[in-house]
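Should a chain be cited, it is by its letter among A, B, C and D, assigned in written order, with residues numbered from 1 in that chain.
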Amino acid sequence: MIIITDQPLEPNILTDAVRDDTDGAVITFEGVTRNHNDGRGVEYLEYEAYRPMADEKLQELIDEIKDRWEIDKVAIAHRIGRVDIGELSLVIAVSAAHRRPAFESTLHFIDRLKQVVPIWKKEYFEGGDVWVGDPDSKRASA
Amino acid sequence: MIIITDQPLEPNILTDAVRDDTDGAVITFEGVTRNHNDGRGVEYLEYEAYRPMADEKLQELIDEIKDRWEIDKVAIAHRIGRVDIGELSLVIAVSAAHRRPAFESTLHFIDRLKQVVPIWKKEYFEGGDVWVGDPDSKRASA
Amino acid sequence: MKIAIKLFAGLRDRAGTGDLSVELPEGATVRDAIEAAQHNAPKKWAAPTSLMAAVNNEYVEFTDTVADGDELALIPPVSGG
Amino acid sequence: MKIAIKLFAGLRDRAGTGDLSVELPEGATVRDAIEAAQHNAPKKWAAPTSLMAAVNNEYVEFTDTVADGDELALIPPVSGG
């Protein structure tokens, strides 16, 4: 299950999608918009995705962790558009017979997502905005 | 939040309990009763806890991971009594500013729980039952 | 002095009871209490090498002493989660 | 041959557009396409050292060649999650 949507994410849908009677461990990770970053207050975020490449890369990452770890099912949802403080930008659910591969593969998935999936985050703070991680994106006056 | 109960666990209660606008990462781990173990079919499990020592040890483990990792809130629920296939025996929710300490501390919490918290699991399979991990617990005829 | 002893899980099954009360002399250790529990239980039971003990909800060594009114828990390998 | 170029996030902001179409000779590389995009964009923009490129949804090297009808995506540092 791969979801890229501008609607609020529903973690239970993903967790339920990966459950199976053969699995002893289910992890659900939520990435949440924090009210601060780099020492300044954040007002909200805005995410942009290059589709369908983002969907394809997410599928490749699912295949990658399924190859490398003994896990069962993976579900991923990423929100795009405006995401307010406390709202979810990312949900990943992974099921496995045992807990350790579930933890390791979920963490690896997120690390890789932040390297190769064409999704960008713009941070809006008081007095400006910035594309996160882009060295040429200057703090712009609002 | 520490819950030891003979009622079905509700993960959302724990996840919601640890959410905070300062946290960018929330992990919810579910331990689920699998339909097989050690190569044989499992019919159901039965958990027993020594209380209040189990509650106290869980609180010590919460304090332990809060000391060691930069995490925010921890909530834990363990079910006792009969747990059927596909039902949850354990739920842990951890929130943190960043994802890595959330993952590491949750995994450590479960490892330690299985070492020091006085809770026992009896596995019922076709034709017998066994206290898991107890070398003197023989497979008993049903 | 009087020590309350609790046995759990497989240990309780093998001893035939989960609750015992034993009388011990002053200065008695956890090990002494375990031996008394083995004598007093309805069924003969052996202490597994992996047995842990807790007094008043804290893990203790077998060489620690017990005191009047203590609750001693005999804890076979735990398996929560 | 004709190459469609897409620019994203901060790169789009700096170039003043997210979509360009450039004409290139046979045998042109990704790097050639990027240079053409710099010429054709409404605003002058510099390619950051960390710029990545994808052709038809797969990452490519700047020395790879492009083909007529390709969609070339210029991808500044990603920051999903």
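Quick notes on this structure:
Here is the rule we use: a residue touches a chain if its C-beta (ideal position, glycine included) is under 8 Å from a C-beta of that chain, and two chains touch if they have at least 3 such contacts.
No experiment lies behind these values; they were computed from the predicted model shown.
Touching chain B and chain D at once are the following chains: A. Chain A and chain B have CA centres that are 25 Å apart.
Rounded to whole angstrom, the centroid-to-centroid distance between chain C and chain D, based on C-alpha atoms, equals 73 Å.
Remark: chain A and chain C have CA centroids separated by 50 Å (rounded to whole angstrom).
In chain A, the residues that reach two or more other chains under the touch definition are 31, 110. Every pair of chains that touch is listed here: A-B, A-D, B-C.
Chain D meets chain A in the complex at residues 6, 8-11, 13-14, 46, 48, 50, 54, 57, 59, 73, 75-81. On the side of chain B, the complex with chain A involves touching residues 11-12, 15, 19, 21-36, 85-86, 97, 99-100, 103, 106-107, 110.
Against chain D, in their complex, chain A makes its touches with residues 31, 47-50, 52-54, 56, 78, 89-90, 110, 113-122, 131-137.
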